[in-house]
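Sending over a structure as structure tokens; questions will come in a sec.
When the chains are written out, they are named A, B and C in that same order, and each has its own residue count from 1.
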Amino acid sequence: MGLNKLVLASAVCAALSTPLQAGSELATLLMVLHENGTISSEQYQRVLAEMEASRQQEEQLKQGMQAQLDKASNVDVSLSKGGLAVKTRDGRFSTNIGGRMQLDVASYGEGSHGAGSTLGDGSEVRRARLYLKGTIYQDWFYKFEYDFAGSGDNKSGITDIWLGYKGFDFEGLSLKVGHFRDPFMLQDQVSDNNTQFTERASIDAFTAGRHIGVMASINRQHWTTALGVFGDKASNKGGTADEGWGTAGRVTWMPINEKGALLHLGLAADYRSTRGNDVRFKQQPETHVSGVNFVDTGTLTDVDSYLSLAAELAVVQGPFSAQAEYVHSRLDREFANNATFDGWYAQAGWLLTGESRPYTFKGAKFKAIKPNSIVGKGGIGAWELALRYSTIDLNDGLISGGEMDNLTLGLNWFPTPGLRVSANYIKVLEMERAEHSLDNEEADIMQLRGQWAF
Amino acid sequence: MGLNKLVLASAVCAALSTPLQAGSELATLLMVLHENGTISSEQYQRVLAEMEASRQQEEQLKQGMQAQLDKASNVDVSLSKGGLAVKTRDGRFSTNIGGRMQLDVASYGEGSHGAGSTLGDGSEVRRARLYLKGTIYQDWFYKFEYDFAGSGDNKSGITDIWLGYKGFDFEGLSLKVGHFRDPFMLQDQVSDNNTQFTERASIDAFTAGRHIGVMASINRQHWTTALGVFGDKASNKGGTADEGWGTAGRVTWMPINEKGALLHLGLAADYRSTRGNDVRFKQQPETHVSGVNFVDTGTLTDVDSYLSLAAELAVVQGPFSAQAEYVHSRLDREFANNATFDGWYAQAGWLLTGESRPYTFKGAKFKAIKPNSIVGKGGIGAWELALRYSTIDLNDGLISGGEMDNLTLGLNWFPTPGLRVSANYIKVLEMERAEHSLDNEEADIMQLRGQWAF
Amino acid sequence: MGLNKLVLASAVCAALSTPLQAGSELATLLMVLHENGTISSEQYQRVLAEMEASRQQEEQLKQGMQAQLDKASNVDVSLSKGGLAVKTRDGRFSTNIGGRMQLDVASYGEGSHGAGSTLGDGSEVRRARLYLKGTIYQDWFYKFEYDFAGSGDNKSGITDIWLGYKGFDFEGLSLKVGHFRDPFMLQDQVSDNNTQFTERASIDAFTAGRHIGVMASINRQHWTTALGVFGDKASNKGGTADEGWGTAGRVTWMPINEKGALLHLGLAADYRSTRGNDVRFKQQPETHVSGVNFVDTGTLTDVDSYLSLAAELAVVQGPFSAQAEYVHSRLDREFANNATFDGWYAQAGWLLTGESRPYTFKGAKFKAIKPNSIVGKGGIGAWELALRYSTIDLNDGLISGGEMDNLTLGLNWFPTPGLRVSANYIKVLEMERAEHSLDNEEADIMQLRGQWAF
């Protein structure tokens, strides 16, 4: 709109100069009348002088008005999917308000329910987040996001709270300070708004998550790199013991990265020194409603540090997309043998309505699908079919965290940009965990999500 | 403002076409001069051609400017009572930010205080809510509201979080999915901003409250109907047990519904299958500051399901309004006799300053009173006197939840739209509850509220 | 922008009147032609009449357009440091969205760490606040602010929630109702965004803090006064016991108060009747990350009431500023001897880059430093060096709350308005507290803060 106002200003001023051009007819007529001897030279000069005075007056008005219009169109307000975006025309300041709402319903079948039930059917507000983000004096940018469904029980609802600086001369370089997601694993970098399934694959047990830290990153069309040093989570409330710290880094290479075609390769590492704090890896069967973990190492107390390594692969070809990751995690323990856990997943999706899963090199991740046609304007939105296999192994030596293999079938519907309805059927193919009431059971889960993000 | 901008655009363009009209004087003069033989046909044609060229140039500018103005006035920003409302001129998108703030002070008299005191004098932030709501692609609409005074202690501050769809051809039909209030009882449908007293009548013990669910409703000038199926509350955090579910419906008939005159009749039902979850009915003596319940069944464990039925009546005639409701609730218990509780209230109000209590058929409920005159502009705002009698009986068989009859005198002052000060004097006429320290005492309560809603 | 639009409207209208002025050339020509006898009187009158008709038409358009422009420029949107400010041109309504984000990292040296460690190194989100404030019908104003980092553990994140009225005829008089900071101590009135050090001096143990109450204040260029009556905190959840209440007042005199020069003198008192509620004074060593108190009276149960008195002094001369306060607190106890605690601090700052620490008589407090030059536009921002000595004594009779003397060296950097980075080195000169593991230890603390306020 800022640009439009500029063009508008020009248009108005051009329009206002038309009396002058209209005046050119008058000048021509005057000249004709003078040439014909109808009016005297003195009369001719007198009217001409009046015309020139008018022209100068108009010119002044034009310039004053241009200045006023520049100020009037200083700020630009727009709505997007129900949020609010305001920016100054000079790009030095901006403020955005938005959020995401996710509502889940889950029903657990035999093997997970009934006699010896451990998974309770139900519904939940999965996420209810609002954010405020902005640009400050062009080079600085910040975000604050809070999850109103995620607070309580020693958890903080704070997700993102960071300040960035991008005023460097080096192309694509930026610096971030605050509480944000460590650069580890593709499926973690992709917003949960835009994941192909309602929950991330089970290796999310190895997620680095969010910490307070500082990170430098370079994002370019065909490669990215990010490296950060991190303290503890925003929810850690201090105390008499030192907090843990860690470092995480990720590099990606996208030899193909154009509209509708992608080849993405990535490597990432996450090192964490616990400084005496407890460590625990656990995961639900790719559902969140019941909150029951299928694999769980329990609290591991004497871990000095651990190092997780991840390898990423993603492909897009028109309406088809595929994505796979492998994670390996090694724990250094003081008074016990070191332990090693790992897991991987592979998933593929097909957009039945012909869209292509969009990707951005800024953060090297997938973005939100925009339907080609919109419900309510004669369209049916976008429809996507997806399939995923995932496996995780948290058994090593004396640690019996369990093992789980899942197959998930997903259907996603995007009636308009910002809206999404997802249905997931999750079949636990194998679940081995000694002393767990569902050991050797093959649970199946039907899960629905409604989501609007703005 | 959107419309204004459109009118403005037309005005500007009309104004800019005046050189042409001003040019019509010139055309007339030219014609005259040509007719008089002062200028030759050739000269006449030459100046005329210049005029036509100018006219076309101006026409182009006009159209370009119209297009630019259309874009410039695309978004409409307005403030209302301290909130923010933004919408696109085409009505396809809107975003609103608003909230409500309620501050209470309560002092408890003899029979509720002093020796054997159970009600503590004090003040509290009763509600501190902010909401964000919006329209997405015209047919979809959402609301997210959070109560910053209502979180903590296993409670979630989430009140409303829902997505609606109104793109149906059927007049007044809409669909809602999410966490919102079940359609049960008139006094629950009326926002607590707009209730006649600071707290709802004691049968609020039977409130259906809010749940995650789906609801269809039809709202028309003279009747409404709503039917929903509901899971559990947003604050329920899942677990190993299944959550409860329920269904609620409400029909209303308003044979008289015009400005200043209303006859409202309503029936509603709320059925809930507990699926093993506990049930408890309890109520404070229409005050919230101390948090002490006067009637309370305690936790009832073996309830299979319960069904509550409500009948509603409301009347408005000029500055007078009246409202009454009766609720009957029946519990099905597995290993004990079924139990039946009930209660009712009747209240009447008189707007001393002549306003009429406003009503909307959208949800079949009362709205906020708008004062005829405003404090600060020579007015005194709106003043309302109100009286209520309420009774509730939670005794049945072995369940001794108690019985309470209250009389409340209320005075409401609305200095401007959005602002409200309320004073309530509540006299507990009878309170019978075995083994309660206030059994047979007749407490009296003085309560003040300051409120601003925007 | 409102004003700009007004000026713009005038400019447009003036511009549109130019056809008339341009028409004056035509009028002159007509007159000339008529005088020369080229056109007849009838022809002259005909063209003149057409001109007059055009002029009137333009005048109407001008007025209509003026009205439309007045409406179009009704609301004014601006961004400031990443927040959002909207106001109506008539000043009757406004809505502002803003907040503050503070991130801390602290490292504790010998004497506070290592063997016998009690202070844990770490990082934290110190404050994450958003606010909404506004003007309602010109005379009323409100603020709601929530600290998303401050909730949980029986604490409410609500900081400010109040409604004010300023429609009095008496200059500088305003009334506030709600939850806000009691008028006590200069360092408490100064926003934590604008304090010279990351944490307030140790006598913050005597802070009156925020309560629900009502306050009248008069703010004038050379003096202010404020007096309030207060109930309990927003976090107090009522119950069977009465809440405490108190009253606090503050007067200040600023014989010198101009740009770059200030002499501020202040006196304040805070009285609180506990009504049986517990009392506790405690303080961390001017760091917040670890959360460990160095001085702490523990819970004092039989305190009837207490009265704290404070004396304030502040001076600004160009880039130099100084500030000092003394607080004395006396506890009346029922079954024990009365107790007396006290403390004071003195601090001085020097803005190396030549700015002056700004002050406002509205609340009689310091404001945010605005750098003369901005990072990213060739500048280095503002840099400030500061030094503080503080002492507190919580020992009296049988109460051994301890004694602490601290010296703090601070460096503040303000790259742009709204952004701040602070480094504080705190040396505990003396810490005497019987039975505390750090008794007689001289801890030293290195603390960093990143802050953006908008």
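In this text, contacts are C-beta pairs under 8 Å (C-beta built on N, C-alpha and C of every residue); 3 or more make two chains touch, one makes a residue touch a chain.
Just so we're clear, the structure is a prediction, and the values are computed from it rather than from any experiment.
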Interchain contact steps from chain B to chain C (minimum; 1 if touching): 1
Can you report the angle of the rotation that maps chain A onto chain C, using C-alpha atoms only, to the nearest 5 degrees? 120
Copies chain A, chain B: same or different interface, half of numbers shared as the threshold? different
Chain-centre distance (mean CA atoms) for chain A and chain B, in whole Å, is 33
Which residues does chain C have that touch at least 2 chains other than itself? 12, 16, 19, 22, 26, 29, 33, 38, 77, 97, 151-152
Could you pull out which chain C residues touch chain A in their complex? 1, 4-5, 7-8, 11-12, 14-16, 18-19, 21-22, 24-26, 28-29, 32-33, 36, 38, 73, 77-84, 97, 99, 101, 103, 105, 117-125, 128, 130, 148-149, 151-152, 288-292, 374-377, 415-416, 418-419, 450, 452, 454
Residue numbers of chain A touching chain C in their complex, please. 12, 16, 19, 22-23, 26, 29-30, 33, 38-39, 43, 46-47, 50-51, 54, 57-58, 61-62, 64-65, 68-69, 71-72, 74-75, 77, 86-88, 93-95, 97, 132, 134-140, 142, 144, 146, 151-152, 154, 156-158, 161, 163, 167, 177-179, 212-213, 231-232, 234, 236-243
